[in-house]
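Think of it as A, B, C, D and E in the order they're written, each chain with its own count starting at 1.
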């Protein structure tokens, strides 16, 4: 193997000779320069491969004597791993800086080389004074390189950096010399083995000084203002180096010192790491400058990494180099390293200071890169951050360190908040000017992104026992993305074919309740997707995310382990979020949606982690074996699913998400995605049954939440002016019924829930599709702007009519079955008051349903819609498929009730008898078929009477109304639609004052003002920053309790 | 059902006819009663029937569209259906109706069928007063349904069944077995709700004749109006029959049915003659206040004590 | 505990105080230099053993009894490196100050606060 | 003011943090294990009379290489930072006669002294760094006495580059021919205490001396210029 | 049936873009049904007279007492109705100004047939005390087919009752057919109406 010393040799040799070579011309110099970097990278690559094949750790001695008498280096698996990325990053960084390097003096090349050498040295050396030397080489090269951009800002930032770095190295030097004085040598390994010597008071102080110096280099909160300034002001190529390469070196040095640290220090240091993670992210919330924002994120990630480095020491897992990334810290490191460097590079390409000035949605390459980096940072699958977070939280739970999960969750959410907000805003902003992309500048982020994606197989250890099909959503999305050249409708057909094939593939795997869900997702997905074929306009990213969403939905019920479940869950979250973001005004609702969804996901993750901690396995079945953690797991899962179901209190994401998503997607959200929370509850109750917390039976509590959701959802729907908002709240209300009935934990209850969810899919699909069709024709979603469309869109009217009769539960259509089952089940269980309230909610549903159909189809047609045509067939056909389905199950409820009851019977004993078409429970009976027949009969009699006399009927036009002996002026003033239920608002509108929205808004506001408060510590004054460092040292010292 | 389809249709027809005629006459009688109370003669008690004939005898009519045309059909189909799902006279083959098809909840929800259809028809007329009237009617409906539903739940708890026939059966054997006496709270709540359902004063804002010329049916006339008026009689009887069955021991023969429905309707008339009109939000608040509390008490008393 | 060590620490503290309180950029650099010097003093003082001689072999000092007669050579070696590095950092700071002055014409640290929050 | 107050408090607190280092750590009385080994075997192993030099150049040779690198990147950095066109300052007081004649008299002596120091680095106190600084001081003296004199940029560059490169080559030679990187024993150790002894140490120290001298001159030269 | 276009009304009073908002069919004449059937139906019509009380003039004051306990019009099957759609008898309560005439025509046309008009007071007959006013019409039956005139200024409620009873008798005897008369002489009526009402911004026939 090549002696790693040659890394130094190559770097130094070319650095020393470059000024001379430069006489031959800059091209030659650059050639040598890139050659050297490539050679260095090649050396590390060789080593990495060797370790992959099982090589042993190698110590490299210098000066012909053995340590501790001479300096030695070490090349081990971890070193090789880190250096691989460092040198890869260095190469990319150098490529990125090509332009700058070309135009600046040769010094820049030399400095770059020494910087790389310094970092490599930091990683390899085992001599503590040598660490100091390499640190200084790194720092000084960096100080000089920051000056590549010569303006007052970057110089000021650089100077602050030097002050901070100088202080850190001063303390480091003091510490090192005292460590030497006490242990008598400078070799790290020897010092570690003679650790007890350092446990004296003086020794601990010396150690403290060393550690604190590296902490400061890691930019801990709040002593990190100088670093932020550098990130903000320096040339982005350099910032990328600071955030990735240099940080990697520092982290690794810190890692080297960990064995020296007394155990009593760990907790406090982890705390400080976590504080950095949380507070940097918090402060980032308010940040408007793109690079400074990245700076906050970098610092936060470093804090997390530091905490994790200390935490993972308790996990005692052996690291396998073949799967280097199976180490949490390594995965976090790689994730951060590539993503952050990539983002900094991107920021250099876009070259806009303010994050809100970024806009490049017409340049797919940039969008894609941005997405990959942001998603990786947020920790979405399949990027390393996802696996790292998953493992970290499960391990923390397993090793009984649950408390640490809290800051991780809070910090992650805060980080997601500003990153995803940024992402959403950037993607949505209309691009006005072309971003010029020099080829050499786009290459590095491109490579980084590719690596982020293709290191995916390295996570194989996480995926043991996981079915391949859980990656099908990604695969399908990728396939559709590659088919981008095809005509849009063709792509849609392919997507539907994929769904059908997928349905065929999973059909044998599903039975019972799962089969019902699969039926809803696949069949419903196919039918609803038909509507999206209506336009041949290219829709970037539409089919991809749609297929991903539907497939991940279908996969969730098939999940056998919590890993599978969570992965599919995250795929679902991401794809649905992106679909919302595609909507015209989707930016804000998408953010709210993703924040709540991520919050829910993290709750679920924590629950799974706790379950893993207790049972030691990931199988979902094991939820039923839980004992110690049963209650917390139960509550966490329930909370997570409640958020997804948009239950009362956490519903505020729903209206925006549903209504701002594209019209063709909303039926999928409302009809299918919302049901996934129902599946969650079925899972939860199915495995864990009833649990009692204090005097509360948790399902009873959930039932109350459900019924209040139903009630308030309905009430809020009544007061909406926007049709999609109305339907969204209506969905929320319906979900409330389902939560209520599934919480009953009885045969009838579950039957109700499943029956409702299937019928809800049908009628919500119809309603949203009808609305989509209408909106596609008239271009507004405000109901009071519509009116009288029945004559223009009779087919849509019929479908909406059938749907609202079904939703309201009026016999003879299928909705009544749901209501009947619900009340029967509730009364059977003894939940009387719930039954009363849900009856009230059901009555309120009439209000919004009538308003819906009236203000759209009835009343006065507006002049500008006089030429409107019926919605396109692409909308009508799926609606009538659903109409057919509803009519069928209304006529023959057995079609659906019998399979559902049979499926539920595996869980609960059935008390239901059948007599022909009559369902007989202990309480009552219902014959859907007979009701249908009788209704049709009694309907025919008066109809015939009217038809007999139809001749005398004169058909009139819309203004032929009695209008107090006047003629109507305009349709707008004659159509009663706005504030339709004004008196209702007057009577009980106070119940739906926006208190919950206000609550969440104030939570957000509170975080933002907290952020604003905290960031004021960064005064911009270099001296103050120095003082921060001193304060940090003193405070940490006193908290560590060095004695 | 032991008899054939044709027989049951004939029975249903008889039952419907009796109910409709009785319902219309009941309306006429009440008009007479009120007139006597005013010191007038009042119209003849068969006046409603003349009105219906007159309306059907109209030579012209206009239609605003299909839904407008079908609205009254929905309305009367709702009335007929509701009635047919209620066993009219306990133990009677002819007046047993189609109660085999569903139970109490079916009846409660079928009530909405007609209202919904009517609302849609009225909506298509394009007249703003119709829409305003419907908005008021629906709002008020949600409010009085709550005490009514609570009362029903209380009854279901009390008798352990949703089957109306069984509920009537349980009340047989003396006046003290009536729900009126065994569960007075539920009865009171339901009777207050009934006032709302009947849309007499003080809950008549929906059809405020001068403000929004009789509200939803403001555009209906001729034979459409004829159907609506027929339904008014029939539907009235359906409601009264339901209340009779649930709270007043049902009826074992035609005569007791006449007496009981008359009595129950009398309550509405007395209340209507004694009170002025509530505004919509006042009536909503009213129903969500005392009657709901009574209903909750009824549920609590029967369900949990 | 030797007087040199104490002196070293005193210099460190004085330098730090200067760095934290002086507004002028050159004085801040001066403060830094004082800290550096203090540290160098501490380093050297830690290697000193009372009554011993420098670790250079000559007529007076043979390698055989060196172990009992010489002071610790390592701190001397280290301080050499430390001095050079200190010099380097100081030089770089000075260059920064020159450039900063060139761009903004000010030598007050409080004039370089536009980056904040 | 409040900042001053905080500074005072925390500097005092920091002093308190340092206090145990002064009070607890007793003055050294025995050599530590590493230095004891150096004292016992250093002379024999490396053949250098100056033990500090052995440590500096060989035992901790990597540090020294780093140190040289630091100096090197400092010059590079300064060159990089001051990369705008610069000229010599115009208003410059002419050197006094005493300085001029003193310079012409002392210059060779000082350079000679510097060369002596780094060539004898392995025998007597001093070495490459010290020698380099002395040489640089001679050049500075020259620059002070003659305002028109400024060192040739090219020569400095070549000197720096080549001496640095040769230093690295020395290291590699040690790696290939002797025990490890920067091992001085690929050249004969020679007779203890003589000038041609201690293997490559004098060579390395000479290279360091040249390099340090060139770099320091370079730094001063660059810092002494002004904007155009 | 004649030419279809001749059946349509021109609706010239309406701006072009509003024409589709109004029905343009002509009123038609209706034949009575079979003898006995029609007799029965006329009985029902006569016994259920729903009044459209349009208080156009002072006569409206005399209409109100009819509803009181003293006169009790309900016993003859008379009932007030708030909307012309449902009413069968139009009681014109006195003098007709140009402005009210327009509304009266509209309301009359919106009533469903068979429909009857009772005109109260001298003003409807010959203009009464306003006979030379610039703002009132003199003879109502130039504009609408009137079935019964009740004279007086104002006629007492008793006179009204007598008028109603006369109307009932006429209906039963099938002696009055204002709806058909209006349809037959539609063009004449319309021309008269338009002579008076200058701002004719309605369709020619208000369905």
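What to note about this one:
The working rule: contacts are C-beta pairs under 8 Å (C-beta built on N, C-alpha and C of every residue); 3 or more make two chains touch, one makes a residue touch a chain.
These figures come from a predicted structure and were not determined experimentally.
Of all chains in the assembly, those touching chain D and also chain E are A. With steps allowed only between chains in touch, the distance from chain A over to chain E comes to 1. Overall, the chain located most centrally, as judged by its C-alpha mean against the mean of all protein C-alpha atoms, is A. Farthest from chain C in terms of Cα centroid separation is E.
Two chain pairs, B-E and A-D, are compared here, and A-D has more C-beta pairs in contact (counted per touch definition above). Chain centre most remote from that of chain D: E (centre = mean of CA atoms).
Chain centres here are Cα means. That of chain A falls 55 Å from that of chain D. Centre to centre, using the average C-alpha position, chain A and chain C are separated by 50 Å.
With centres defined as mean CA coordinates, chain C is found 99 Å away from chain B.
Multi-chain contact residues of chain B (touching two or more other chains) are listed as 59-62, 213, 218-219, 222. Chain contacts: chain D has residues 7, 11, 14, 18, 21, 25, 28, 32, 34-35, 38, 60, 63, 66-67, 70, 73-74, 77-78, 81 touching two or more partner chains. Looking at chain E, residues 23, 83, 85, 207 sit in touch with two or more other chains. Shown are all chain pairs that touch, namely A-B, A-C, A-D, A-E, B-E, C-D. On the side of chain A, the complex with chain D involves touching residues 3, 5, 8-9, 12-13, 15-20, 60-65, 68-71, 104-105, 107-108, 110-111, 114, 117, 121, 125, 127, 129-130, 133-134, 136-137, 140-141, 143-145, 147-148, 150, 174, 178, 180-186, 200-202, 205-206, 1023-1024, 1027, 1030-1031, 1033-1034, 1037.
Taken together, the chain C residues at the contact with chain D in this complex read 1-2, 5-6, 9, 12-13, 16-17, 20-21, 46-50, 54-58, 63, 66-67, 70, 72-74, 76-78, 80-81, 84-85, 87-88, 91-92, 94-96, 98-99, 102.
Those residues of chain D whose C-beta lies close enough to touch chain A in the complex are 3, 6-7, 10-11, 13-14, 17-18, 20-21, 24-25, 28, 32-35, 37-38, 45, 58-63, 65-67, 69-70, 72-74, 76-81, 83-84, 157-158, 160-162, 164-165, 167-168, 171-172, 174-175, 178-185.
Listing the residues of chain E that touch chain A in their complex gives 17-18, 20-23, 25, 54, 83-85, 103-104, 106-107, 110, 201-203, 206-207. Chain A contributes residues 788, 790-791, 794, 797, 801, 804-805, 808-811, 816, 819-820, 823-824, 827, 830, 832-833, 835-836, 839-840, 843-844, 846-847, 850-851, 853-854, 857-860, 918, 923-927, 930-931, 934-935, 937-939, 941-943, 945-946, 949, 952-956, 958-963, 974-977, 980-981, 983-984, 986-988 to its touches with chain B in the complex.
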